[in-house]
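Next come two complexes, and both contain chain A; in the first it sits with chain B, in the second with chain C.
Entry: the complex of A and B
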């Protein structure tokens, strides 16, 4: 009986993953197709990858995306962690308020957020470019860091903090020597998530990038009018490989941390 | 151990902060005097090679902002009219921007090359007096057919939308998957205009649309031409760039300009009313309307050029391709989708019923 169920669940799971990953695999496959049409397979080629690296706009916008994503990951890690740690010491009511304010940017439709930020930054006379991109991306990345760090903080044994206090640690010392090391794995996982989300964003980036800066996803989406060439398949393949690498890295990091017995 | 890790984190944070400041610093450079900012579709819609030539010739730097929709261009322009000099936007958006007073009236005395624009594109509904816009890239929708296969099925040759209803073509027609386009095909086949609102005519179109169902083998917006290339379909309604690709891959395929008329899409240059560098913008517009430059743009982007004088500079294969080098008679038989927002709900509803049959 149990054998039967496990076989069924194995079948179900494989079906699930096949359906989930088959389209992804087809993109990888077609990035090596000599013909620009997806109707026919005319032979194996690396040409699209060559064309891809010669495309200056793609390379430039990729650079912008990476710069913005890294800065966003760092900024949202700092802000998210700080607010999570601070909310350990505030009243229950205040904590609820902070939580509500944190989740809000995730509930507002991106397009509304984009236009609101456009008008706001415009009124502040901020130059549109890297700065506005990083600030706006952090806006929707901070909540994730906050939630993930907060979950970890809840798991911390209060008695550790009390003994630190008994031994004469100031609040800052406590944060520095006890709390931060305990939540570091969560911070790192969360910043990797922020990195991925920033790399992914199209709508807000459209509004926040200046006349000189274009991020990669905006560039790809804006190609719709002209038509997407197979070099985009090649690009997607590379991005996916990169993403698997980042996700794998964060998993690995989490696992080693767990094994260290935290 | 913990202490070490902590100082490591602090180190990482400091480096990152420095990186952020460095990034911000480069992002905040003041706009130089000799710059123009233009905004439009991305990819190579305005070929980078052409932009570089303009920069080398005039010393004016061109910043190319890529956007994903006409509505994005509208919001960006409205929020910050002084940020952009030029935009290329689709017909209906020119109309909206013109009516919301976002656009500058173009001074034709600064645009001697405007004379190269084919008069057949003058006086479109979105800019009846041609004061605000200059056409740039043109495409149409049309039928693509495999005449040999149509004959083999025993059907009459396809020359009009009406021919798609022949019962011999059962399960042999591919169409792009958009309600307004497909309703447009039906309305035109009945001799009506696009985006008809008269309930009697719409009801008639609905019945005729439902009668087309057995012939449809696929709804496909991205690569409808592939169905003809594979031989799964013998006729299809699609955008001209897709039909061009289809004929390239399979020369037996032939374009059909339906006798009832076709939809046309024109992307046009417009200038922001608050453009910071109007002089540079005029120089740019004049540059891209030079015949040989316009010809190269057409060849690079594979869009029809409105530039009449460019024709002699077009490469042979472009010039001889009736889908790219549109004849004036074809253009005269086209019309725009006007007032989509008024019919969209109704058409979507009918279209859904049609697809579920």
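Entry: the complex of A and C
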């Protein structure tokens, strides 16, 4: 590359990333603004963060979100891993069928899926709340666990499985003592990602929330509709920090897994 | 017999997803042919009225708005994202990892926060207006919120990482020897780009376009917060019909229409991308 074009490339890339992070940084910066308006910067304060913890609705919806996200992560981990492991033994056609089914929830537009589930659960007379939230969230989380565990399964040396078989292990023993320990890091990474996705979902949760069980993003959305307030900035900033913590953890597992090799 | 026994284990999985996705979709389809009374209760009476309304001139406008928004989102993210992906693919390994990391990181930042960031930037009392006012460039705040363009900024901003990643994978897979051959034969950089690189990365472009187009149709919170309901999009319409209008059959009909649009886009995509469909797991 000539020097002139490479300098232009560097400039373009930097400009792009500045714009990409500008909105995010603005939210963080103004969560510390003493003035309730973005019109002026009147000094540095932590007040907006303190106010958050006194807001009952926020604390309650945060609890709902965490409970739902944890349950979703566990359920998705179990279902996703089971699907991936079972895929090792079924016929090629059945494997294709499983893959097709896994793509389905990701293909349907989220809003259409949300309404479909709303109508369905309504017809079943299921009470809207934790249960409907977990069921619907796991729908878009399971495919990710499935894909990640399957990628890991592909890396496993077939000869290990064959030697386990030669030593007289039953299929179930093989799954329990050989396969599961090998894929555990992937399962942990994937379920942390499921946790993050569940915590961030707005569209499906809008339709799945019950009268007293609103998730945090749904509540934040209703706050944002009213307008800009530093309280929302502070809340969003806190969630972002929490999310980075979760993603950081999942990367950590991913890296140790890679270092162990195999 | 043996294969039957092995396959039986997979049945619960298929049933589980089938139950939670397949059946609800059938319900939506069924509901779209029913009517409702004035209280919003569903009446079991077959009607085509919902579809007639979907096709009526008022709602055609909504469709056009949404398709235009989704298409422009695809176009904007392509024009801005292609150079990013192209430059990134040609960086040295360390910088390239950093660039990809910075592109993907926003996936893990709440989509509401990212939308809200634009409200802070573009509002009448927002950061950009304050800056321009204090510099004396303008005297009254520029109205930048609640326009079609504002929504477009939001959807494009939200979805551009998908476009970049899809194109990056495509550029990265490019056979470098083809480019060298082109240079050896005396082609300029521009000629090489338009004759070799661009045609070969079309599957990546198509993939990115699909990944951007589909969610752009339904992101009602972006158009709600940034567009302020001034332009009505499909997502907002479905959402209001369900949450406030209490007309679920109509919302169901619109959902069916939306799914049809998505299927159309996906079939177009698979025609363009043919066998080269890695990374987009369709």
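Brief remarks follow.
Criterion: the second predicted complex is superposed on the first by the 238 of 262 C-alpha atoms of A that agree within 3 Å, B and C clash if a C-alpha of one lies under 4 Å from a C-alpha of the other, contacts with A are read in each partner's own complex, and residues count from 1 in each chain.
By definition in this document, a contact is a pair of C-beta atoms (placed from the backbone, for glycine too) under 8 Å apart; a residue touches a chain by one contact, two chains touch by 3 or more.
Everything quoted here is computed from the prediction, not taken from an experiment.
Superposition model on chain A: chain B and chain C are shown in a clashing arrangement.
When both complexes are overlaid on chain A, the residue A:207 reaches chain B and chain C alike. In the superposition on chain A, A:87 contacts chain C only, with no contact to chain B. In the superposed pair of complexes, A:70 makes contact with chain B only, with no contact to chain C. In the overlay built on the shared chain, the residue A:20 is in contact with chain C alone; chain B does not reach it.
In the superposition on chain A, A:240 makes contact with chain C only, not with chain B. Between chain B and chain C, C contacts the larger number of chain A residues.
Of the two partner chains placed by superposition, chain B and chain C are both touched by A:118.
In the superposed model, A:51 makes contact with neither chain B nor chain C.
By the touch criterion defined above, A:37 lies against chain B and chain C together after alignment on the C-alpha atoms of chain A.
Of the two partner chains placed by the overlay, only chain C lies in contact with A:107; chain B stays clear of it.
Overlap of the chain B and chain C interfaces on chain A: residues 37-40, 115, 118-119, 202, 206-207, 220-221, 224-225, 228.
Interface residues of chain A facing chain C in the complex, by the touch rule stated above, are 1, 5, 9, 12-13, 16-17, 20-24, 26-27, 30, 37-40, 79, 82-83, 86-87, 89-91, 94, 97-98, 101-113, 115-120, 123, 135-136, 139, 142, 147, 196, 200, 202-203, 206-207, 217, 220-221, 224-225, 228, 232-233, 236-237, 239-240, 243-244, 247.
Residues 2-3, 5-6, 9, 13, 16-17, 19-20, 23-24, 26-28, 37-39, 41-45, 48, 63-68, 72, 75-76, 79-80, 83-84, 223, 225-226, 229-230, 241, 245, 249, 267, 301-302 of chain B are the ones touching chain A in the complex.
For chain A in complex with chain B, the touching residues are 35-40, 56-57, 67-68, 70-71, 74-75, 78, 115, 118-119, 122, 127-131, 134, 176-177, 180-181, 184, 202, 206-207, 209-214, 218-228. Note for the complex: chain C touches chain A at residues 3, 6-7, 9-10, 13-14, 16-18, 20-25, 27-28, 31, 80, 83-84, 87-88, 90, 99, 102-103, 106, 108-121, 123, 125-127, 130, 157, 160, 189, 214-215, 217-221, 224-225, 235, 238-239, 242-243, 248, 251-252, 255, 258-259, 262, 266, 281-282.
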